[in-house]
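Note that the chains take the letters A, B, C, D, E and F in the order they are written out, and that residue 1 is the start of every chain.
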């Protein structure tokens, strides 16, 4: 495998990125056809942060953070650093010093399938992180990897420059070239959900609103009293 | 398997339910002979909420929330919706719109072996949730299941109308017909623990209070100095 | 296996313990050569607590907390109780009554590979806990074990009297006899990191500061434009 | 929780049990409406054994096999011993000496959510086992439990006297009172599958045989050439 | 997400596929730069089978095998069916009837991130399977998915027509367009390993053969007697 | 952490080692007081092999097998190589070429918390392996570790020169200095078990042989008919 650092990736339009970030993960995931979720295993170390940014990707060897050092230089304001390892690793390959360097560059956060440490400092700095683990285990800087190549994270391919949306529900990836279309679909979904919300607040049932009584009936689901059910 | 929605389940007395809720999970679990815990895998999405309610149960197909739609209609004030799937699934089958509909009906919370999403909204609404996962992955509405049949959650059978007690320690189930007796036992346990707490605050040891020195001695546990231990 | 309670363990110097606690887990772990981490599986039940203390160890049978009762008597002010089981168990073998007794003695916290319960009370009391699980499941007091023998926790051997450092990053163990030397190394590391932090705040890159451009080059990592990369 | 040994459980008819055993797990599971599977976590220690028997149940404390000793006496020819623990445990609570005693009584096998050991001997003796683990860790005989009460194993309730069917696909439980009806449904299913098998051997497609082309079409699945797909 | 069945995928040359199959997983994985492994979680249900084939991919909803029915028609002699689900599922979505239909078409095996059942029959038929689980749990045929689109399996992207190599070490994917080049590299690797094997059989050490004494020395690894080590 | 290779470790007496190997894992584990088990996670890649040998230990970085290369030179006839990593790793750091080199030196087998590959070859060569995973993922040779220092494997400390006993039940460690005493205890246990086996073959119950009826009675376990039980 040749190892590269790609230096001039394309990014989506900033207004689209920010608008996707405002929608949040669940809405964006639905809007693009229930695709792009970056696995249920990545959890935020903070509560209540919702954001989006352009993916700068780093592919590291397990137990090694050399390529995170290389990735920092490729990050610019509005980016999110996305890190994974060639084989599973929960070592704490990222901490407060990296966050300091990234924050200095305007980077919005970190998404990693490995671990992070110094979480007290990270929370205090307001540097947002979604990770698979909190783990103080340190790493070395010995083995090559790549920066800004497509990586697979939690069953989803993330290409450099894709839009990463993250909040307390997790992380979703939007292909850079589809970002505008997904935003449009997300806007539409929000409008539709507003109508549903109002209806439910009035006491309408989703069974009726979505025509699900017919579905239940077609599937043979029967409504019974407890007495009738016990008699079977 | 025939699929049913049972429409008129019996519930325990409201004062008993609320009193069990006030005791909390650990006390109720002990009071009923260390039974009924709904597994260590279900965790609250919020901190510091303690409540109890009557179980309305929904048995869903993995990746499908059709029967949650059906269950909403069977819920009334004071209930807790309890959801599981036929085989393991952590998909986010429940979110803010469902919570809106349930809150409108006076439902107290959700217990689910699957995932939830929109957790920022759920926390903001004050809708309490204990779940196996936070996961934005959406579900379909295609496959039949049942509402208000007994379900197995985390090694415990939950019958519709049972009393669910939940707090930061987890979730415990109390059989509807035994709820009053369990409450009585829980009251007794609390009184007993108050005595122990006072004793410990005075410096008394549980070794003495519970007669455990005899147990240790009977089991052959020896007290040694470090020097004697090293000499062995 | 003979079962013992060792009654007069040696402890490290209090000022060294407290200074290690101030450094926190990640720094101490690095300072002693990336050793001593007590596994990524133990998580705090509270946020933002950082402390250190002398280990009093308890080795229990699964589902049994008899030896925790015996351990309480061996604990003194400044200690941290460290509990593990002979085979894996996540039962809630520790709760508010134990915490009351330990707090009365000046004990600083609990580290356990099993579960804890009454976490609302523990947080309210300010009794710090790092555990593998929150679990209301109760335990018995029937089977022998030992207190103040060396135990293996998460891949690390903890001897009674060792210094335990714990914070939101996890738990690290420092051998009692090496505590002063590790403190010295930690002080040095903090000084070095302060310089790095300042440099990063000025925009210097760790690539340059650590001489990693040479490493990348020696490993054959190539810098490419996207266009050149796509052409391959 | 009161602890009991129930001494005179009812069992299903031997001919029904044996006929269910001949059908195997997948067929019986389907025949009773996709219910009763005892979780994917229980695996056979041997290959190619398929059998059925009447459940004698033992509920043990973790790390303790006292109630297995009590259960042996309740077992008779044609039975299968089913063991679980109050909370999760993979200790090796069962080995060759228990198998010797059970085989002497005509017991057909063991199903356990805990561990087994002496597996070389068990295979050599031809004593069939489905377990969650192979583990040499020994257990004690100190804490009470029950024999022949309903237990929950892998999400399924097993009542004493139920029919257990086990093979390389896993373990399924059939309620004693429904065993004859399930057998009838299983016979029907086998006949239907024979027709399908013949059809497939002739090259017929399940798409056609099951009318699934209509399903795909109704769901909007499109058939495309690679060229048309790439063009989208 | 639009759902499609792509009907005319390209495949690699048969002689290349077979030659890659003869090399096996570990060699091919190394030959293509340690890429393409389909995760350590997929295990063979049989022992000693080594093969390769062209990937026909099926993307299913959890608990649903509708798209496997559609995929059968797209399979031809020499293919391997590769199945995954939109979110994790270990249900037994594949069994002996599917294997019968696929074997009739000359398909070489199945790779699935879900479960399989009827494993006794599958072994008897000689139909090779690598799966994440053996599980009798049945599935429905209700929800749309796709056939012959790229899927992500265990961290690797598998495109339809890629070469799948599988043996007791696991499963590796080779991009269709790189298959010939990877084969060449694999041939070279085998030749090189033959030399190493002969050397090791003569007693030569890999430390010497690979120049690793210098590496150890450069890294500061010291050779000590036990006495010298204890003295430190 | 300083990195060392210790070159002249002491080993136990060969006749004691072989006699412990003949007893097997479960017997040795019990004979030394239920200590020393190397975790339930290490499984054999072969069936029916039982052996013992002297531990040569290698502590590696995750994803790196440099120290296995160094360890080979320290191995001699009758040894078992025991490998672990600083943090969890299931990469396939060991394969057929290492086995060739070790077999040439008379080494009896491998115990590793990481993965192995080439398992078809390993089985064919008769080189015995107990590992946490089968995984083709290759490793690098870049980072220092140690050979013949004490390591922690699955909760047990293994010192170089300790006796490793392994069979289908798992792996157990016996301290070198206690090997003779443990052998004596194992001999005694085997004699005692022979008496129990004969008794059970005659139909005697362990309840009677071990005086467990008294235990059950003291614990309050009641014997009831089904009718009496249902009446409660």
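We take it that a residue touches a chain if its C-beta (ideal position, glycine included) is under 8 Å from a C-beta of that chain, and two chains touch if they have at least 3 such contacts.
These numbers were taken from a predicted model, which means no experiment stands behind them.
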{"item": "Minimal step count in the chain contact network, chain C to chain E", "value": "2"}
{"item": "Fewest touching-chain hops separating chain B from chain E", "value": "1"}
{"item": "Same-site or different-site touching of chain B by its copy chain C, using the half cut", "value": "different"}
{"item": "Pair joined by more contacting C-beta pairs (B-D or D-F)", "value": "D-F"}
{"item": "Computed distance of Cα centres, chain F from chain B, in Å", "value": "39"}
{"item": "Chain A-chain C separation of Cα centroids, rounded to whole Å", "value": "30"}
{"item": "Multi-chain contact residues (two or more partners), chain C", "value": "2, 34, 86, 90, 137, 142-143"}
{"item": "Chains touching one another, given as label pairs in label order", "value": "A-B, A-C, A-E, A-F, B-C, B-D, B-E, C-D, C-F, D-E, D-F, E-F"}
{"item": "Interface residues, chain B side, partner chain C - complex", "value": "24-26, 29-30, 34, 37, 40, 43, 48, 50, 167-170, 172, 193, 196-197, 200-203, 205-207, 210, 212, 215-216, 219-226, 229, 232"}
{"item": "Sites on chain D touched by chain B in the complex", "value": "1-2, 32-35, 86, 152, 155-157"}
{"item": "Residue numbers on chain D that touch chain C, as the complex places them", "value": "61-64, 86-91, 135, 137, 140, 142-143"}
{"item": "Chain F-touching residues of chain D, taken from the complex the two chains share", "value": "2-10, 66, 69-70, 72-73, 90, 92, 95-98, 100-101, 104-105, 115, 117-120, 133-138, 141-146, 148-149"}
